[in-house]
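Worksheet for the structure shown next.
By written order: A, B, C and D. Residues from 1 in each chain.
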Amino acid sequence: MDREIADLQTKLEDAFAAATALYRERGFQRRIGFGRKPALINVDLANAWTRPGYPFTCEGIDDRIIPATRQLIDACRENGHPVVYTTVCYQNPDPDDPRTDMGLWHYKIPIEIADQKNEDIWAIDSRIAPIDGEQVMIKKRASAFHGTYLAGYLRAAGVDTILVTGVTASACVRATVTDGLAEGFRPIAVREAIGDRIPGATEWNLFDIDAKFGDVEPLEACLAYLNSVNFRND
Amino acid sequence: MDREIADLQTKLEDAFAAATALYRERGFQRRIGFGRKPALINVDLANAWTRPGYPFTCEGIDDRIIPATRQLIDACRENGHPVVYTTVCYQNPDPDDPRTDMGLWHYKIPIEIADQKNEDIWAIDSRIAPIDGEQVMIKKRASAFHGTYLAGYLRAAGVDTILVTGVTASACVRATVTDGLAEGFRPIAVREAIGDRIPGATEWNLFDIDAKFGDVEPLEACLAYLNSVNFRND
Amino acid sequence: MDREIADLQTKLEDAFAAATALYRERGFQRRIGFGRKPALINVDLANAWTRPGYPFTCEGIDDRIIPATRQLIDACRENGHPVVYTTVCYQNPDPDDPRTDMGLWHYKIPIEIADQKNEDIWAIDSRIAPIDGEQVMIKKRASAFHGTYLAGYLRAAGVDTILVTGVTASACVRATVTDGLAEGFRPIAVREAIGDRIPGATEWNLFDIDAKFGDVEPLEACLAYLNSVNFRND
Amino acid sequence: MDREIADLQTKLEDAFAAATALYRERGFQRRIGFGRKPALINVDLANAWTRPGYPFTCEGIDDRIIPATRQLIDACRENGHPVVYTTVCYQNPDPDDPRTDMGLWHYKIPIEIADQKNEDIWAIDSRIAPIDGEQVMIKKRASAFHGTYLAGYLRAAGVDTILVTGVTASACVRATVTDGLAEGFRPIAVREAIGDRIPGATEWNLFDIDAKFGDVEPLEACLAYLNSVNFRND
């Protein structure tokens, strides 16, 4: 299995290199850059995604994503930048009830487990627990912007740049980055803080994101940026 | 005071009659009608709006709006129609914190009282308490559609008609009706179930709504309609 | 007729005075103020609204709204502020075709006249014609934000304040102001540059707006503001 | 090069097979199915994407995507289903002007070529030209739903299912499918009618879509479905 994953990575890297040549020639893969007022958006780093034993459990959480996200959160708190956490849960998770707030998503994925009554499932991972003054947004769909007040919230706060972490690269993170750009924000995907649950998905989604929707940046660059701007002293 | 209010009503009715003549001649004030699948949207019938002593306390709640809304809710429950309740509260109601989820609204109205930590303030009025399977949507702005999952929720459920109740006519009810039409639903404002806190505001807002955005209908017609369609047997 | 309108105005002013007392006591009618980067949004100042003979023709256009809007546009052009014009038209204005892009609005108002093929109807009034670099947004519904790219456009441009002009106070202007606040912008309704087609509607809608959604400001204050900030030198 | 592409495809298929095993075990990759009222959404099948010589030119257009899309359009026209075409262009494509309607997207991709004044660039490919009564939506961002009236349009028409074609799989098609589900529609990605400009991107994006957001279905199944439902006889 590990051998196969390594082979896939190699093959994907070859494909990305070839695609990069075409993209550069055509004028894609430009840099959007960091702006002047960042916010941190932590996508679905809640127990059903970060802890073992759930259908949504992801890879790379303990050793990579949680530690990276903690560093980002700390840097935001030190500098007064807004921190937003998203999670997913439903008031009516009965797939047989047409009044369910799952909409049609349970026809594709097992979101019926995310019962709002069972907070253990959808609570933000305690290792990166929100503190007073930060926002926890319950969303019903993939994008952190869809069906939430995120865009208006960020605009009212004067934010122009969103650093995005979390899971999964192939769904909620990607949709958040795509919408973030569309709503007028500079999306930065923090490479070490993003993951998925199937091999290759993080790679191909970050590749697509970096080509077209936002910059994929290493953690160190993001931390340096967060420490270089101060939210209140504008 | 009562005399002045009666005078205002008379004068408004005269103005509405004159405007109606012009509107009819020009082709406004048409009927949108009831569709095939209704949902009931109860706007901000939460304690800070329905109980005495708050900045948001409204008129006509006990004798008119709550009883009418109860009848509508009962009819929905009997026939399986979705019922949605909206309320307003904030995780960070500190007006001096640029990270507040009040956005910019506290610069206009006293929403800083709606602290999410103080559920008494924003809980749905116990006389029309939601039951299991119904939706309570926390919104941050006026419209029930803005920054919420309401539009996608209704579309996924196959709803084509929204009956709107609640307060206030001059803000959240009106914005909900306006957006409801824009999102592709037939808005019906239930006359007896809508109110405000200043004289005249209910009248002029329902007049504008009926002229351009949705039908203002009496409670009896709405109840008859709700009992004439069945959500599941479609 | 003029006497009746004057009576209505007086009665409304009395009602507004009484309501203002209650609003002030309760903490409404606060000032949102001008921000740092304005844009001008001219709502539906297109021929079918500004020229005689259409169902949508409004009052006060020639002597008040057009001259005021011209001054605002000039001030924006001198200072580099973005100018946006909205209008309404439909690719398929056949009310009997379920595929019409009128949605359900033709069930309320005579929008079927706004045929995209007939540009005379929906072109921006030539007295305030857009110039190169400015935006003309075709919208399908009341709000300039609904079903358009306006919010993302303004955010990407760093705008935090919207000055709103146009018609009608009771529909598109009001919906634009309501949504503008919700999207995180400071809405300023320019009193002299807003109108309607029925007596009283401008007054009661501007009253509601000023109480809850944006500041109603005189033209002079808006011009002074536009001349005091420069879009590019930020 | 062809050998490398074939190798990549093989490796991706292996990865998809492994991922499918995990997804099935976890309850992903469910079928959303066809609903009762479809619409066809043709994403960006405009000259700059379908004809040679542009930065946006895609692969597989002439032999696969255009013929498949034509068949779908014909089936829709025969059965009265709504057909929507999206394209992208800008009124102010000057990347140095902060008032550009490109928002921030030109910081990532070469959209500055899509000048609204140069209709040849953004006109729908003449081989699948729209006819009277169909909708052409100019969008500014990736998703057909973002900054457009598409969601309200489809809801008002009673549509519950969207068949999606066009380019690119890694941007506008994917974003449209993701948003379509979120807005309450059943998204169906028509395999033969979707493409991209870099090897692998169509495959990995359709894989992600099918796992989580909509069903990827072959052309034949989609044609059979379109012919089995009639828009008007509902």
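Assume a residue touches a chain if its C-beta (ideal position, glycine included) is under 8 Å from a C-beta of that chain, and two chains touch if they have at least 3 such contacts.
Fair warning: this is a prediction, and the values are worked out from it, not measured in the lab.
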item	value
Chain pair equivalent in interface to B-D, over half of contacts matched, among C-D, A-C or A-D	A-C
Pair joined by the larger number of C-beta contacts - B-C, A-B	B-C
Cα superposition angle of subunit C on its copy subunit D, in degrees to the nearest 5	180
Between subunit A and subunit B, centroid-to-centroid distance (C-alpha), Å	35
Averaged-CA centre spacing for the pair subunit C and subunit B, given as whole angstrom	24
Set of subunit B residues in contact with two or more other chains	103-104, 140-141, 146-147, 151-153, 155-158, 182, 184-185
List of subunit B residues in touch with subunit D within their complex	151-158, 160, 182-185
In the complex, subunit D residues that touch subunit A	1, 4, 7-8, 11-12, 14-15, 18-19, 22-23, 26-33, 55-56, 103-110, 141-143, 146-147, 170-171, 175, 178-179, 181-182, 184-186, 197-201, 204-205, 208, 211-214
Contact footprint of subunit D on subunit C as seen in their complex	82, 91-92, 94, 97-101, 103-104, 132-136, 139-141, 146-153, 155-158, 231-232
